[in-house]
Structures are given as C-alpha cells and as structure tokens.
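Look at the two complexes coming up: chain A is in both, with chain B in one and chain C in the other.
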Partner chain A sequence: MAATESRTARWLLIAAALGFLGIFLFLPLVAVFAEALEKGVGAYMAAIVEPDALAAIRLTLLVAAISVPVNILFGVSAAWAITKFDFPGKSLLITFIDLPFSVSPVVSGLIFVLLFGAHGWFGAWFAERDIQIIFAVPGIVLATVFVTFPFVARELIPLMTEQGRDDEEAALSLGASGWQTFWHVTLPNIRWGLLYGVLLCNARAMGEFGAVSVVSGHIRGLTNTMPLHVEILYNEYNFVAAFAVASLLALLALVTLVLKSIVEWRFNYHHRGTGH
Partner chain B sequence: MICRSIIPLLAVTGTFLLGACGDSAKDKAGGVEILNVSYDPTRELYRDVNAAFAKTWKAETGQDVTINMSHGGSGKQARAVIDGLGADVVTLALAYDIDEIAERSPALSKTWQQRLPSNSAPYTSTIVFLVRAGNPKGIKDWPDLVKPGISVITPNPKTSGGARWNFLAAWAYGREAGGSDAAAEAYVTKLFANVPVLDSGARGSTTTFVERGIGDVFLSWENEAFLAQKELGPGKFEIVVPSISILAEPPVAVVDGNAKKHGTTAVADAYLQFLYTPEAQDLIGKHFYRPRDAQAVAKYADIFPKVNLVTIDDAFGGWKAAQDKYFSDGGVFDTIFAKIKR
Partner chain C sequence: MSIRLENISKRFGAFTALGDVSLEARPGEFLALLGPSGSGKTTLLRIMAGLEFPDCGRVSFDGEDVTGLKVADRHVGFVFQHYALFRHMTVAENIAFGLNVRRRRDRPTRSAIDARVQELLDLVQLGSLGHRYPAQLSGGQRQRVALARALAVDPKLLLLDEPFGALDARVRKDLRRWLRELHDRMGLTSIFVTHDQEEALELADRVVVMDHGVIEQVATPLHIYNEPASAFVFDFVGESNRVPVVVARGKVLYLGQPLDVPAIGADGPSELFFRPHDAEIVKSDTGAIPALVAQVRPKGAGVRVEGKFIGIDRPFEIDVAAEDAPEPGRIIALKPGHPRLFPTHTHEDQA
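Then we have the complex of A and B:
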C-alpha cells in the first residue's frame, strides 16, 4: 500500500515538473517556430537574408565577439586578484562585480548616455574628435560589456577560493614565473568553470535588450541588434519576419544550452576526479 | 604583475573599440547617407517616400542616396537627438519636440519652423476613435469615453506625441461641452481614469489594442487607425469620428549642425522639400495622412471625413504654452495622473 502511494506521489511530481517545463519552455519555443514558419520555409529564409536582418545578425555577433573576450580577461584577472592575493578593499571589489546583476538594464544603458551623450561628461571631448560612442557600435559594445561582466568572474571566484593557493605557491617555489604558473597550473584547474562562465556571458551578450535599446538609437541596418530587430519587425506587423529572427535567437540559445550541459558534465567529472 | 599585463591589453581593446566607429562613415562608394529620425507611425509612409526620393535624387544628381530610419515615441526620439543621435533630418509628431532640440542643442536654429511651407508640416492628421467591429459598446463621441466600464487605450503624453494630441483633443471637447477649463479638467480626469495601460509610443498602444485585445476604444492618429484597419484585419475594427478633434501638424526640419558635419546639407534640404511635391503628397494621401497639395487633397477627399478641428495655436496658444501648462513636470497631466492613482 505504502509503495503505491509513494509511486503516485512520484508520478505526480514528475508530471508537475514536466507540465511546468511544457508550459513555460516547450510551448513558447514551439509557438516561436510555428509562427516563423507560418508562411512556409521560403518566407522564413527571405526574412533572415533580408539586408537589415543580416546587418542585425552581424552586429550581434560582432558585439559578442568583442565583449566576451574583454570579459574573459576581466573575469580571470579579477578572480585571480581576489582569490590569490589579500588587499584592502577586496570585499568592496566583489560587491562592485555584482553591480550589473542588481542594476536594471535600463539604468545600465542610461549610465552611458550620461557619460558619452552630447551633454554627458565626456560627450563634448568625443564630439570634438568626431568620435561617436552612443547611438553607434561602440556604445552598444560598452553597454553589453557592462551588463555581462559579472558572469566569468562570478563563476571563477568560488571555484578558485575552493582550490586555494597551494598549487600556485608550489609552482612559484619551484622557480616558475608568474605567467608560467598561471598558464600551467591555474588555467588547467579552472578551465571548465571558465568555459561555463564564457557560455553564460555569451548568451547574455547576444540576448541583451534593455541596456542596448537605450544606447542604440534604433537605426535600421546600422545599430539594431537581433533582439531590437525582433521588436521593430513585430511593431511593423511583420510577424513572420519577427518570429523568424526570434527563432534564430532561440536556436543560438539552444546551442548554448547544449554546450553548457556538456561543459557542466565534464566540469563535475573533472572536479570530482582530481579531488581538489 | 597582473596590472602590468592588463593595461596594454585594455589599450588594445580600446583601440579596437574606437576603430569600430570608423565603420559608420557617411559616404560609401560615391553615395550619400542621411539619417531620418522620426516618430512611431511613419514607418510605412517613409519607406515609400524614401524609395521615391532616392529615384528622383539619382535622376537629378546621379548620386545614390540611402536614407536610414529610426522610429520611436516622438519625445524619446527628440531626447536621443539632443543626446547626440546624428539625425540629418527630424520628422516628429509635434513642433514642441523639435523646439526642444533647438532649445537644448546648438545643432538646430530656433527659427526652423519658418523655413518650409505650412509651418514646416507637409502633412496633417487628426485624432479619431478606433473601436472593435460592430461597435459593441456603442461609442459615438467623447462623452461615451468616460462612462463607467469603458476601457480607453492611449499612449503616455509624457513620451508620445500622439498622446499629447489625444490629451489636447479631449481637453478641447471638455472645454467646449462644459464651457470652462475646470470642466475640461474634470472631463479629462475621468477619461484617464478609464485608461488601463499607458504605452510609451503610438505603435505600442496600437499593438496593445489590436494584438493583445485590451480596451474598448483606442484614441489614435487617424493614419494609424486606417493602417490598423487595413493591415490587421479588415472588418475587425471601425473608425468613429468624434464631433470635435484637433488639427495635428507633424513638422519636419533639417538638423543643420549634424547635416553640416556630415556634408549632407544639400541632400537633406532636397529630401524635405521633396515631401511637398505632388509625387510625395500622393504617397502621403495613400498612407492616410492628410495631404497639403490641392490635387492630392481632391484625390483622397472621400477617405477623410470632415471633422470640426481646433488648432493648437487658437485653442491652446501654441505648443510652447501647451507643453508648459499641461505636460511639463508638475503640470496638469501630472496632477491628473496623481489624482487617479489615489
């Protein structure tokens, strides 16, 4: 009797979890693809190879290609500084790294308007030199770097804290240089965590809407990223095209998720296997 | 040690970032590019106008012109130009937003409105009601909007030009019906108490009403109402013309400072003058804006109903006065909005 009850409970729980996933994940995904393909594959492809859509895809990839490496660099240095050295203001630095998570993306965008807008702090200086920061690609990159900068550092700090400094101290005492220590000791230890952070960072960089919307200026074919382009197409009653571009974004997200699962699996395996 | 290796890397990244702005150069392969920063509902209109102008300009000068477009709520777009969005021309929903650019940015002369015919407004429009098919709530005129249980859709007057015209049209009715500004305020307060959601731009409100199915009546630009009817389902919506409305004059201007910097003054001037030609005026009528040109007016006469229209100058003493009184911080709209929230 007790066994049947627990089985019922188990099935109910599984059904609830699957139902939840179905409603909040699969259904919207299916809807996006169904809408996108409503008028056939021809209309879908036409929407994606349209010049403004291609420009949006190119811009999104460019922004991710710049902001992800920048944040790898920042994330690794910050995590290293925080976990391997003691210095005053360390906890303050950790708090600041979390800032983009706690600030609304709209505010993140406005920060750059205040700094680089025509009437902003540095606006006049850049205007004199004919350098456009906001309402152009550099502003979009800056806003994206800002919103995505916690991902790598946040992933590495707990990992590196747990690993401690013993390996590095051993390497240094055996005569390795700082760079050699990093390259041959630290990096191999953190590589799966790093990769995981990079994937999250990349996903957000390609999908960011709020902050980018504020600094974009929404010029078609020039400063529209994919998320912004989806909104514009939707507002122009061009639903097939809007969902076609949205489905591309969803595909990118799915690829990221699959990569993430693989990395997670490898990471757990290594993490346990090496016994650190 | 870490610091020493970061700094050069940051410098390299910085150079890369600055390099990226070189891409947005205005001249590409003998052609010329201009940026038209416009308000929400003009997307379809300018798509056609731009194609026609590019053809004319090519025939006259042999030069290829690309017109880049940016659309959004009129106030928000003006703000972006003030903050440095490099518009060669602005085509906004109301004169005040362009005045604001002239006020806060050296790029535009304060006398911009005298430079082109008809107050620099090559087309006009007005505010009408869009209701669902069969008009189930029986909405005929302004008094029906404040009945209990009627849900009214309008964008936010703080950010949307169309919404400011809506507000003033309602005010004009309230003043005529009640005979005083106090009566008008009472009427408009009741009206906004029936508004469930304020979108930031006209197109967002259209989507709210049409796509999301919220609201019984949508206070809309006439052109936007016709477009929604045409694009989103003939027979799903009806246009109700109120007894009194406002003459909306969406103006255009070349942003001299930006055009000079980009070397596009000649083409930007020609672009705006093109809007007054019979060819462009015909496109304007086709996209449900009321044309100025007599020939186009005659051609589209049976589309546009005759409405008793007040003007911003006669009824409200011009945009500057109206903006200061009704829409500035702490103005009449804020008072009304605070009252409703309580």
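Then we have the complex of A and C:
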C-alpha cells in the first residue's frame, strides 16, 4: 500500500515539475524561435544584419568583454582576501558583495545617474572635461559591472573556504612566492568554480536590461544593447525583428546552459576524485 | 641544525595559545610535542616554521635570529596534517615543486630535478608511482609523498604536524619506524606534533608535554614515563589510577588509614598516582587500598582487572599475572607500586 502510494506521489511530482518547466521555460523558448522565423529565414537574417541590430550586438559584446574581465579580477581578489586572510571589516565586505543581488537593477542604474548624470555629484566635473558617462558607453559598462560583480566572488568564496589555506601554506613553505603560489596552486584549485562564475557573469552581462536601460538613453546605433534593442523593436510592433534579436540572446542562454553543465560535471568529477 | 625558542607568547583574540614558552632542540634531535587539543603544540610548530608569528619572544636557528623571517625564507620542511598535496599535479610534479619555483639562477637543470625526484621517490619507496595523481594514492602513500616533497628542498629542520593522525593503526606503526630511520639516516633535526602519547614515547629522543599553552615537562620518553613532573603529565603519558590522600607527618593517609607507600611530597591533600602494571594484589589489607572487582579481561601475557575503589567513587584498572586473577565481585587489597604524589590543586578542581 505505502509503496504504491509513494509511487503515485512520485509520478505526480515529476509530472508537475515537468509540466511547469514545459509551460514556463520550454514553451516561451519555442515561441521565441517560432516568432523569429515566422516570415522565413530571409526576414530573420535581415533583422539581424540590419545596421542598428549589428551595432547593438557589437555594443553588447563590448560591454561583456570589459565587465567580465573586470569582475574576474575583482571576484578573485575579493574571494582570495576573504578566505585566505583575517582582517577587520571582512563580514562587511561579504555583505557588500551581495548588494547588487539585493537591490533592484533599476536602482543600480539610478545610482550611476545620481553620481555621474548632468546634475549628479560628479557630473559637473566630468562635463567640464567633456567626458560623458551617462547616456553613453561608459555608463552602460559601469552599470553592467556593478550588476554582475557578485557572480565570480559568490562562486569562489565557499569553494576557497572549503579548500582552506593548507595548499597555499605548503607552497610557501617550499619557497614559492605569493604570485607563484597563486598561479601554480590556488588558480588550478579553483579553475572550474571560476569558469562557472565567469559563465554566469557573462550571461548576465549580455542580458542585463534594467540597470542598463536607466543609464543608456536608448540612442539607436549608439547606446542600445541587445536587450534594449529588442524592447524598442517590440514597441514598434516589429515582432519578427524583435524576436530575431531575442533569439540570439536565447541562443546565448542555451549555450551557457550547455557549458555550465559541462563545467559542473568536470567540477564534481574533480571534487569527488580528490576527497580524502 | 639547532633551534631555540625564547619566551614565545601568542594570543588569538582572548585565547592564549602560548604563554611564555621556551624550548631548545639540539642538532640531530627528534623531538615530540605532545599534548591534548588546544594545548598550543600546533601553534608552537607553526611559529617555528614561520607560518605563524609570536606576539613576543624570539626564534633562532643555529644561533641566528629568524623571528621575522617568513616561511618561504626559513628553509624548513613542513609536513601538513592532511598532507596538502597539490591535487592537480602528479606525484613527481608535487615533489619537484620546491625546486621548480626557485629563481632561474638557483634552479637546477630539468634533468637534475628529474634525477632528484626519482631519488626521493626511491627514498620514500614510491619509485614507480611518480606519474600518479594524489587522488590515486592511499593515505600512507600520500603521507610519504608529502614527506618527499618537503625533503626535496634539502631542509635542515623537518616539522611534522600530526604526521600519522589520518592513518589507520597498522600503517601508522610501519610509517613511524620508517620515519625514525629516515631521520637518523639524513641527519635531520625533526620536530613533530602528536596527541598520541604512545607515538611520542616510541619515536622521540625527547618529549615535550604541553597543556594550556605552557610546557609541563621536557624529558626523554623513559624519564617522562617514570618521573612525570606533574599530575597532568602522569595522566597524559600513560594509563593511571588516582586516589585522593592526605600527606601528614611522614605518612600517606587514605580515608584516615595509613598506606604502605613512601610519603615523598609536601604535607596536605594530595593525589596518589600509580600505573596499572605497578599494582599488586596483597593478602593483608593493612596499608593497602580496598577495591571491588567488576571485570577481568585478557591483556597481553596477563589480565586486566577493572572495578572501583571502595570508599570513593573512582574506577581502577590494574594488570596482574593470569594465575593471580581475582573473581569478579570479590573485594581485593591493592598495593600501589612506584606511586607518585602530587598536591591537590583545589582551585583547578573547581574550575
């Protein structure tokens, strides 16, 4: 009796989970591609090679190309500092790393308008020097860096805490310098976790809408990233073009997912393989 | 190499890990730091290595002050409790690490490094396992790789943190003997941390017994075992029986009755200690301690008798010859041999 009941329950749960996934994740994904290809491959390609779309793609790649390395640098140093040293203000730093996750992206964008906008705190100083930050590429990069900076650090801190300091101390005791220790011991130990964090960071950097929307100014061909471009096209009832560009973002998500699964598999394999 | 520690103190926040510790290891000596967890033994070892720095005090190697030197500049071999092998490197790469990270002008040639690695692999009896990864080795093998890696840089001082702690009993015993031989052959000065008194007594030239951040006694294993300097040392380095007594006018009184033991020690409330194998079951109960037998079990050539002292609620254990074994439930008279008296520290008992 009990066994059959639990079996029914199990199938119900699996069906519910799969049904939910189907309706809320798989169906929209299919819809994006179906809509994008509604008027044929020709219309799809035309929407993508259109100059404004290409500009948006270029800008998105540029923003990701800047913010991902910046966040690798920041994330690794923050995780290193937090897990390998004791210093005052450590728990405060940990809390602050989570800040971009806990505030709405719109607020994140507004922070930069407030700081660097025409009437912002540093706005006048930059205006004098003819440097535009808000409604220009630097503002978009800043907002993206801010929104995506927890990904790498969040991934590394638990991993490096678990690994402890023994390996580093062993390397130092063998005469290695701090840099050699990082390069030959720490980095190989965290590489899969780091790669995982970078993937998530990249996906978010390319897909960020809210914060970027506030600081971008939506100037076509100049300050439109792909998500913003999609919105503009959609608002113009240009559905095929909107979904064509959106499909590129969806494709990015799928590629990220596949890579993420591969990394996760490698990561677990390595983790299990070296357990004591 | 000789190592000298003078008046070392170390605090972690409110916790005093070491309070004014001084110690010296002679060249070629094999020293054990023995104590329970929290006694400060590992902290002391890490201070010698330069992995931790004392709040005050001085560390010197061969008379040279190294207190401010970092671990990388001290040229000591350090073996970590959990080996800390680099998991992404092969065994050979692990061993070569200390040579490979040297500055170019100090670095041996590739073939010289390879030769040295093979030499060390042979030394630790892992000759053909150089291409394996640490995950593919057993605990004892990992331990030996960690040792080979530490020895690759030709340290004069070898420091080992609980070197056998993570191994099973059998492997532990083999490795212990092997390490002692290695130490003698290479002419190292070695210091190891352990909480296992058997290990310390079997392996070391001298044993340093620590408790609560201070050194209780430094002596040879035989001396430590036979002449413990304090109640703590007596209790920690071997099995012991203890009964409360009062020393007065050259007599040792147990529950008001004089015991047939020499009253060496100051007058006043004391604890009388004796080892299980030093006790004797006697016929006459004058001058002996009455005890109730609960269990008799085989132990070595004889038997281990367990039960409780009568009159006080404390357990006893003694070893006697099999033919002298009493029946469980019997009351026997115990005469302690080689007893030691230590004054009772009432304030400590309350704490």
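Following the convention adopted for this analysis, the second predicted complex is superposed on the first by the 268 of 276 C-alpha atoms of A that agree within 3 Å, B and C clash if a C-alpha of one lies under 4 Å from a C-alpha of the other, contacts with A are read in each partner's own complex, and residues count from 1 in each chain.
Assume contacts are C-beta pairs under 8 Å (C-beta built on N, C-alpha and C of every residue); 3 or more make two chains touch, one makes a residue touch a chain.
Computed from a prediction, not measured in an experiment: that's the story for all the values here.
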{"item": "When chain B and chain C are modelled together on chain A, clash or fit", "value": "fit"}
{"item": "In the superposition, chain B vs chain C on chain A residues touched", "value": "B"}
{"item": "Inter-chain angle, chain B to chain C through the CA centre of chain A, in degrees rounded to a multiple of 10", "value": "150"}
{"item": "Chain B versus chain C as contact partner of A:Gly210, first or second or both or neither", "value": "neither"}
{"item": "Which superposed partner A:Asn235 touches (first chain B, second chain C, both, neither)", "value": "first"}
{"item": "Contacts of A:Gly117 with chain B and chain C, given as first, second, both or neither", "value": "first"}
{"item": "Superposition-derived minimum Cα distance between chain C and chain B (Å)", "value": "14"}
{"item": "Chain B and chain C footprints on chain A, overlapping residues", "value": "none"}
{"item": "Interface residues, chain B side, partner chain A - complex", "value": "1-2, 6, 9, 13, 16-18, 20-21, 23-24, 35, 40, 43-44, 68-72, 80, 82-86, 104-105, 203-204, 207, 231-232, 261"}
{"item": "Chain C residues within the chain A interface of the complex", "value": "49, 51, 70-72, 75-78, 80, 82, 84-88, 97-98, 101-102, 133-135, 149-150, 152-153, 166"}
{"item": "Residues of chain A that touch chain B when the two form their complex", "value": "62, 66, 69-70, 73, 77, 80-81, 113, 116-120, 123, 127, 130-138, 141-142, 178, 217-222, 232, 234-237"}
{"item": "Complex contacts: residues of chain A adjacent to chain C", "value": "166-167, 169-177, 180, 184-185, 188-189, 270, 273-276"}
